[in-house]
Amino acid sequence: MEWIQQLVNGISLGSIYALIALGYTMVYGIIKLINFAHGDVFMLGAFIGFYAIARWEMNIFLALILAMILCAVIGVIIERVAYKRLRNATRIAALITAIGVSLLIEYTVIFFRGSSPEAYPTVFTTKNIEIFGVQISTLAIFILSVSIFLMLLLQFIVHKTKIGKAMRAVSHDADAARLMGINVDNTISATFAIGSALAGAAGVIFGIYYTRIDPLMGIMPGIKAFIAAVLGGIGIIPGAMVGGLFLGVVETVVSALGYSLWRDAAAFVILILILILRPAGIFGKNTREKV
Amino acid sequence: MLKINDIDVFYGNIQALKGISLEVNEGEIVTLIGANGAGKSTLLKTISGLLKPKRGSIEYLGSAIDGKPAQSIVKSGISHVPEGRRVFSNMSVEENLELGAYLRSDRDGIKKDLAHVYELFPRLLERRKQLSGTLSGGEQQMLAMGRALMAKPKLIIMDEPSMGLAPLMVKNIFNIIEMVNKEGVTVLLVEQNANMALSVAHRAYVLETGKIVLAGSAKELQESDEVRAAYLGGL
Amino acid sequence: MSALLTVENLGIQFGGLKAVQNVELYMNQGELIGLIGPNGAGKTTTFNMLTGVYSPTEGKIMFDGKSIGGLDPYKVTRQGISRTFQNIRLFKELSVLDNVKVANHGLAKHNLVSSIFRLPSHFKGEEKMEEESLAFLKIFGLDVYRDELAKNLPYGMQRRLEIARALAAAPKLLLLDEPAAGMNAKETHDLMELIAFIRKEFDLTILLIEHDMNLVMGICERIYVLDHGQLIANGTPAEIRSNPKVIEAYLGEEVTE
Amino acid sequence: GCGTDDSGSSGSSGSGNTVGETIKIGANLELSGAVGSYGSSINDGAKLAIDEINASGGIDGKQIEYIPIDNKSETAEATSAAIKLAEQEKVVAMLAPATSGNSVATVQIANNHKVPMVTGSGTAPNVTVNDDGTVNEYAFRTCFIDPFQGTVAANFATNELGAKNVAIFADNASDYAKGLAASFKETITANGGTVVTEEAYVAKDVDFKSQLTNIKGKNPDFIFIPGYYEEVGIIVKQAREAGITVPLMGADGWDSPKLIELAGADALNNTFITNHYSSEDPDAKIQDFVKAFNDKYSQAPNAFHALGYDSIYFIVDAIKRVDGDVTSEAVQKQLASTKDLSLVTGTFTVDENHNPVKSATVLEFVDGKQQFNSKVNP
Amino acid sequence: MKKSKIFWGYAVLALVIYAVVQLLISNGVIQNYYQNMFIAMCINIILAVSLHVIIGVTGQFSIGHAGFLAVGAYISAICTMKFGMPFITAILIGAIVAALAGLLVGIPSLRLKGDYLAIATLGFAEIIRIVFVNTDYVGGAAGLQVTHQSTWTYAFFGVFITILVISNFTNSRHGRACISIREDEIAADAMGINTTYYKVVAFAIGSFFAGVAGAIYAHNYYIIQPTAFGFLKSFDILIFVVLGGLGSLSGSVIAAILLTVVSTYLQDFPETRMIIYSLILILVMLYRPTGLLGSKEITAYFKFGKKGGTRV
């Protein structure tokens, strides 16, 4: 019984990772940028949601939408200001810029409001459903459903819609995409907008679920999302979902075994093993470079 | 139809085109030949809006298009088949063709043109679900041409469509170029394979280190000693 | 006399696709042989198997009396096979001279320790590398560009540099993948002469892939034709030119020079 | 130490620093980086104290110049900041970093330059006393040392709550929490209790369900949770959600108004902490501090704020007691001989190990309010 | 032999700099504070140059360099503190163990590329750190107290030897082999380069010197704690290399010096330091995406009329 409970714990933690990883892998897949600032947009989303609910007394859904919109705008601004010029630069240069943007966001927030944490107001009285003695929080079920829904939605957008096709075209070859009449700048902005909106939503949901938010809260989830995205296969949307869930379950199982201090190490060991067996992630096609 | 006046194009500090002027009339096949690095691709990229001229103007159907973004140039009816095919390799053949019609919204028209492209290139129909990255070079070249045709262009500009293709395929490609032209599309063709290019073209220009050095009807150039020595193997 | 290279029943599969199958070929010391066929026939893939880039899923490759199928590429190179690439793969940020030196690496003897501590053997070894590499550049008329970065060379020169680099690895067998691609008739003609020259000068055996029939028919002694991963013909240029299967699959009509 | 240190201490700063036009007090704090919030809290408390003292005329007419330096929560930067304060700024005393590790990194420098340092929250014993038992002459602190609070909590659990089978859930990335857990374990075992399970977490975690599920499976009747309010707030909440109803207890790291917001008032019922003081204490000194702090920063103070505030008063008291020239060496002597100094976090005397001897207060949370339970003398 | 002359020229210049600084320290002209800053600079230079050989030269995207730093720091500290070995021996042992860790990390690099390799190296570094967190022998999270033994002399010769070895390595057929892997691994392989061997060699050399830096670090800051070796530290080192210009040894040295100075200077602006620092990062990358020196060496800027030049 305890084990089923732990599995449930793992899945609910994993669905939070998945939620963040979805937006991450989306941007990652389209412009191949390791967007370290993604975790910080997530943090901004959490704070926007917090202020909306606690200070401006908005209802939770309005707050969620507000956070998504503002994060989308912030994401687009970041892209336009910091990343656009670097599209033709090496990826590592873009990575350093992303680290810079990440620090800038974190410390600008600290500058204006200090580094102390904030507690999300209780918006739902979370009920636990008990099935055969296993406690499942309704909120956890809600989060898992949201992640799955968003995964399907993203998958649909990227593979079935016109803008999705444009995104993929841009990701493969921006100049050729231009020759198709695709507005590359707008397409990339749209990618950032969607990815950042997802991060914002994840931030609000995270706040509701875990209560504590602080200006540096994005760092670890950002790294975890990166791991989840790589684990699933870079740019592969269902991969991010599976990667996130997998990571959550591994961490929980390791903790449950009494090795909670080795949790992150175990997660990395498994990550490395998987990558050695499947160098392009769980879902990535291990294509050899055509010579 | 297309009128280029005295343009200069730079890559950073390197000047790739020096005062180029040329003209393409409606219904023609015009070919541009020249050695490696002469600036042929640069010229095509400038026409399609991927590069911007520093000086000079490009007129198309009476209005200036230089400096306009690529997407609006595509919209006005110029399709560019880029050097090296540049197909979207992780997408299927059909998705590539659909992207060719990205700016169009006439569903029926698109459907019709898709059928037409498959008619021109039956090989693509066979492979429509295959990822284009796994196509052979010739097939990719067909796809690149098909994709450009999907935009329903008035003017199609092609950059070395015969590069790396088997002889049979080269003939095939040139046949298709003539066919497309007969259907009313104007063609500006860049080629290394000067022999072939001159045999299908009406008029031709010769480009050398960023300048036009010769111009005339395809026939004239084919017979010119200069051209024969430099580009046709001098035999 | 036994052949320098013999390939038996060679095949490779990518997922469900049999890119090459049942290929049998041989090359005697000093021969210049062509490998032609439609796009996607498996020519480059065959090269990749010969050089160890891909491991064949079937068959046997014997080179100079040893089996080399599935060997790591660098080991194959040290056995005496080197190549150029269809899409130029120079070391773009290295100077022209250094590009050649990299290929010369396998011939040098001075070890890591001697280089780190700048022992005399390091200086001697590096000097020898420099001399030998410069000699190759001279042959190809590239010595004027020695300190230029490879990416800044004109296209035709890059193709030449690829060949020079391949030669610097001191091969017995040289594989050229579409060396004339993107060259006009005149440049192609110069290239033909160059190939003939290095073949004599270095006592090479050469296998080349090319779509330019003037070149292939002009210099190859024998030609293999691949289609859909299988050999469909093999013979002298004259035989190939009139082979109906080849005409149908590849040439389109009889090629007259 | 070898070469470097000797040359440093034989230099101009050989006999410590003296006071000039103003009295310089430095602060080497974690103002950014991983534990930036702790250092910033100490800094805010310290600034309040400095403002108050300067507003009331300073020390013997001399104003205090407060020089905070950010050490980015890194030992390397803490070291260089300490050298800078002692050697370049020539302060007479300095606040040492908020974490024990960073404080330890600066102890030698304080000794070599003969400039006293006071940490507000470096609770590990080895800040002031080396492993070989020698005392670091120039290191002081205003907080409890770890073993003290752990012992108090264990005794409270046994005597007041009748705990027999206890669980420990500690922040293992923090030497503070580990120190408390170790002494708690020692005492509770000596008291006849059993530690049924020990679980651990790492600072910045947010999901503790897995460990809590394990703990719940062991059915303890009391859980000791040393750590800081950021994590503890969530732990308490998740513990109650998981159906754990037994008493929970922690230490001064819990003390923050944020704890109540994070955990929720209901979840906090039946939880206890050991602390220096209670912000609900009607004592005028405490209420004045709470009010002044609220006026300046519009928030209620936490333990770090109070300790930062007190550290300054501790130093200032020593400076005031110096006879003749105020040098850093003289200040050190006065700090060491501090007796019955009454501050917000208690009235204390500095012992021979440079630790404050002061009583601990046990507080209980009742409907979101800290309620005085008992006082324990060392 | 012209090249060896240039080489000795630099060596003598370096020794003169060393002697002058040492003299000023002995006279007390350079105070403790600056001496400490110089040592910090040296540690950062060693770290930057040692990562340069992995990323800049060999093109292996490694973002876990702090892991090797940690190994060097802890192993050397164990040597001096637990076994009472002399500092110099401790440095060597620390470096050798770090090199072994590098070999271990080099192994996945044989199969992984790009971002996949990056995440694996980051993972390795975190694993190393977590091992130290959970090892009570070295104090766990509380850390290990270490006596102060690093001096300007150790730091300087650490830098000197690091640069010497890595530039000698880079300017030889072995270094060229590594560069060719960076440029095009498949072509390098086809030219007879044992890419496996050289990738592992690069990791081993890089981590060896990171270990040296770790030893000097541990014995300069009185205490080492696992928190000092997290991924943010790895990013700091990465920033030196990229900001200086990928592939440029002198670039990474200059970036390490500049950023150490900037960071020390910014200590006085606690509220804004990280904002300023991040803005500097962003602006440099936006206006010089190839880093301060690009892939050129500083010496190339002094050689007029001669293109390319030798790589240092």
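Letters A, B, C, D and E name the chains as they come in the text, with residue numbers starting at 1 for each one.
Basically, a residue touches a chain if its C-beta (ideal position, glycine included) is under 8 Å from a C-beta of that chain, and two chains touch if they have at least 3 such contacts.
Here the structure is a predicted model, which is why all the values come from computation and not from measurement.
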{"item": "Chains touching both chain B and chain E, listed by label", "value": "A, C"}
{"item": "Centroid-based (C-alpha) most distant chain relative to chain B", "value": "D"}
{"item": "Between A-D and A-E, the pair with more C-beta contacts", "value": "A-E"}
{"item": "Most remote chain, CA-based centroid, reference being chain A", "value": "C"}
{"item": "Centroid distance [mean C-alpha coordinates] between chain B and chain A, Å", "value": "42"}
{"item": "Centre distance in Å when chain C and chain D are each reduced to the mean of their C-alpha atoms", "value": "72"}
{"item": "Rounded Å distance between chain A and chain C, as computed from the means of their C-alpha atoms", "value": "47"}
{"item": "Chain C-chain E separation of Cα centroids, rounded to whole Å", "value": "40"}
{"item": "Overlap residues in chain A, where contacts from two or more other chains coincide", "value": "107, 110, 261, 264, 291"}
{"item": "Touching two or more other chains - residues of chain D", "value": "32, 34, 172"}
{"item": "Multi-chain contact residues (two or more partners), chain B", "value": "none"}
{"item": "Residue numbers on chain D that touch chain E, as the complex places them", "value": "1-5, 7-8, 11-12, 29, 31-32, 34, 43, 68-81, 83-84, 87-88, 100-101, 104-109, 124, 126, 131, 172-175, 178-179"}
{"item": "Residues of chain A that touch chain E when the two form their complex", "value": "34, 82, 85-86, 89-90, 92-97, 99-104, 106-108, 110-111, 223, 226-227, 230, 234, 261-262, 264-265, 268-269, 271-272, 275-276, 279-281, 289, 291"}
{"item": "Contact footprint of chain A on chain D as seen in their complex", "value": "32, 34, 36-37, 40-41, 172, 199-202, 204, 206-207, 209-211, 213-214, 217, 230, 233-234, 237, 241-243, 258, 261-262, 264"}
{"item": "Chain B residues touching chain C - in the complex, by the definition given at the top", "value": "33, 35-37, 134-139, 160, 163-172, 192-195, 229-235"}
{"item": "Footprint of chain A on chain E - complex, ascending", "value": "55, 61, 108, 111-113, 115-116, 118-120, 122-124, 126-127, 130-131, 133-134, 186, 231, 235, 238-239, 242-243, 246, 271-272, 274-275, 277-279, 281-282, 285-286, 289-291"}
